[in-house]
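In what comes next, chain A is part of two complexes: it sits with chain B in the first one and with chain C in the second one.
== the complex of A and B ==
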């Protein structure tokens, strides 16, 4: 889901940077206000955690393997605004230092994974687990369902961004200048793999991690 | 009980080892006595950002191709092994992009003047001139952009590159989080590697798919627990070094005439490329 440089045109990159700048501003204000000084390192730890979570390969039925993104898990553990900053930091480090995801596409990648994925996942988790005890099975289900829906919501946004490129940027003869596939092809390609495979990986891993943390130390889920 | 190969263990171990190896090599390249390494990281980052924007805005495949050649020339001046640079910039993302863009050369995606056709599974597929042009532009743009980012990362110390973000008016607290995150990544990668080595030594050659997922989930959960416990120690260490809630990032950067000459050249070159693209 990491969009590299050159896939999106300047207009899409610019608009999504413009959308994310106020989100980052609000996130930093809220985190600064609510987070105690002693929890500042926790945001950095959360960012590193969301970076390395992608290195945990998970077996998928059929003999192959994939990895989880972990955005919803970080949102459940840190809260949505701190998670937004943590995932943003992880994405910037990945793009700038390791060439994974484009620099001009940082706004788009952060919109999809640090905003849509994190907030959809967090609020869906809150809605499904509404007032249930911190050790209840309902929370495990809520985490899995939220992760599945949120990952697919992020994949949907990514597909729409790809699908808009031939409409927004083309030559006089109609030749695409960036991602060449229209909305139907982009949505079919992105959503089929996320609805059928990656969404389930994300759901199962998020639910299992929440289940283990409930057993080990349920204070992580205290509000 | 259904059994599965331990592919996920091998992939994770290979991934972590490749990450560490690549990072060490990157830091070694950044310490070399080359042209780009001698520039101020702030000026270098701004100039590479200009190149990236030019590559993004251009609509001419040949001009973007020349930019790639220029990037390769810069890598040679900066003492990066040509073989490594070509492999690093043309294999992973560009190869993936090539696989993605192949269907776009056919008339079903990009209609236009047909230059070849064949039958596949009872369906007639025609390659169009416009399709080839679209695919070529897309691939060259992606490869060139990736190359500039990789070259920046290879010729700049990672800690300096994160401090450079101050140029873009990013708050100091963010810059501090970037720096801390970067250090934790290496610690965590070590933990991930040890975790998978532990799994490998316990499960032998085979493990069921569901057991594998449970094991991985347990490892992720335990990594979070360790991270959370570490937070307290890190905060105490910060206090002992004088942290009072306000963040200061030391900047030891210094620009020279050479840096400004380079930036001037980059701006002139970019303007010339944009001018040429409008004339072509």
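== the complex of A and C ==
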């Protein structure tokens, strides 16, 4: 889901940077207000977790590969704004040091994975786990379901961004300038693989860690 | 052990296991993620390389492209796995330093 340089035209890159700059600003402000010094290591762990879990490429035999993002778990444990910052840090390091995701697409990739994924996952988890005891099974289910839906929401946004390119930018002869596949192809490919495989990976990882932490230190889930 | 320490142990565990994320897709002959193809793959798939894509694709030269060392791309699995693990260590070290600096910077006004 890391869009490389050159797949999105300047309009899409620009708009998504323009959306993310205020989001990062608000996130910094809110985190500054609420985050206690003792929580800083948790943000570092959250960013490190998201970074390393994205290195676990999961194959679709004979097809493409993909991976979980871990952003919903970070959001459940730290809240959406701190998670937005944690996943952003992971994505920026991936782009700058490892060329995983383009630098022109940092706005887009952060919009998909650090914003849409994190906030969808967080609020869905909140809604499903509403009023349930901190050690309840409903919380584990809420975490898994939220992770599944959130990863697919991010994949949906990514597919739409890809799919708009041939419409936005093409030569007089109809050749694409950037990503060449239209919205139908992009949505079909991205959604089928995320609905069938990668969404479940995100769901299982998120639910398992939540279950582990319920036993280990349920103070993580107190509101 | 405190929960935070246990979580760090978990991260170390994931770092050591991360070559699985390299080896398993290879085993199943699955290619790149959708929309993350190289220029040659694109040419094969659509018959041409979109000009804007071609122009922008090399805009950034990452120091460790695709989590490997430059020049180590074809040195075999041992080298790939080693550079993958080192990449994870380097990436996480940079992330931790960055978050702590960011935390200090944000934390000042709290006191």
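Descriptive notes on the structure:
We take it that the second predicted complex is superposed on the first by the 208 of 223 C-alpha atoms of A that agree within 3 Å, B and C clash if a C-alpha of one lies under 4 Å from a C-alpha of the other, contacts with A are read in each partner's own complex, and residues count from 1 in each chain.
Going forward, a contact is a pair of C-beta atoms (placed from the backbone, for glycine too) under 8 Å apart; a residue touches a chain by one contact, two chains touch by 3 or more.
Please read all numbers here as calculations on a predicted model, not as lab measurements.
Steric overlap between chain B and chain C is present once the structures are superposed on chain A. Looking at the shared chain after the overlay, A:89 reaches both chain B and chain C. In the overlay built on the shared chain, the residue A:35 is in contact with chain C alone; chain B does not reach it. Residue contacts after overlaying the shared chain place A:204 against chain B, while chain C stays out of touching range. Looking at the shared chain after the overlay, A:168 reaches neither chain B nor chain C. Of the two partner chains, neither chain B nor chain C is touched by A:19.
When the two complexes are overlaid on their common chain A, residue A:190 makes contact with chain C while staying clear of chain B. Residue contacts after overlaying the shared chain place A:103 against chain B and chain C alike. By the touch criterion defined above, A:158 lies against chain C but remains apart from chain B after alignment on the C-alpha atoms of chain A. Contacts of A:134 after superposition on the shared chain: neither chain B nor chain C is touched. Touching of chain A by both chain B and chain C, each in its own complex, is seen for residues 4-7, 9, 28, 32, 37, 40-45, 47-49, 51-53, 55-61, 63-65, 85, 89-90, 93, 95-99, 102-104, 171, 175-180, 213, 216-217, 220. Taken together, the chain A residues at the contact with chain B in this complex read 4-7, 9-10, 13, 28, 32, 37-49, 51-53, 55-61, 63-65, 68, 70, 73, 77, 85, 89-90, 92-93, 95-99, 102-104, 171, 173-181, 185, 204-205, 208-209, 211-213, 216-217, 220.
Here chain A touches chain C in the complex through residues 1-7, 9, 28, 31-32, 35-37, 40-45, 47-49, 51-53, 55-67, 85-86, 89-90, 93-100, 102-104, 158, 162, 169, 171, 175-180, 186, 189-190, 193, 213, 216-217, 220, going by the rule given at the top. Chain B makes touch with chain A in their complex at residues 4-5, 7-9, 11-12, 15-16, 19, 22, 26, 49, 52-53, 55-57, 59, 93, 97, 101, 103-104, 109-112, 130, 133-135, 137-138, 141-142, 144-146, 149-150, 152-153, 158, 161-162, 165, 171, 173-174, 176-178, 180-182, 184-185, 187-189, 191-192, 207, 209, 212-214, 216-225, 227-228, 230-232, 234-235, 238, 243, 245.
Interface residues of chain C facing chain A in the complex, by the touch rule stated above, are 3-4, 6-8, 10-11, 14-15, 17-18, 20-22, 24-25, 27-36, 42, 46, 48, 50-67, 84, 87-88, 90-92, 94-96, 98-100, 102-103, 106-107, 109-110.
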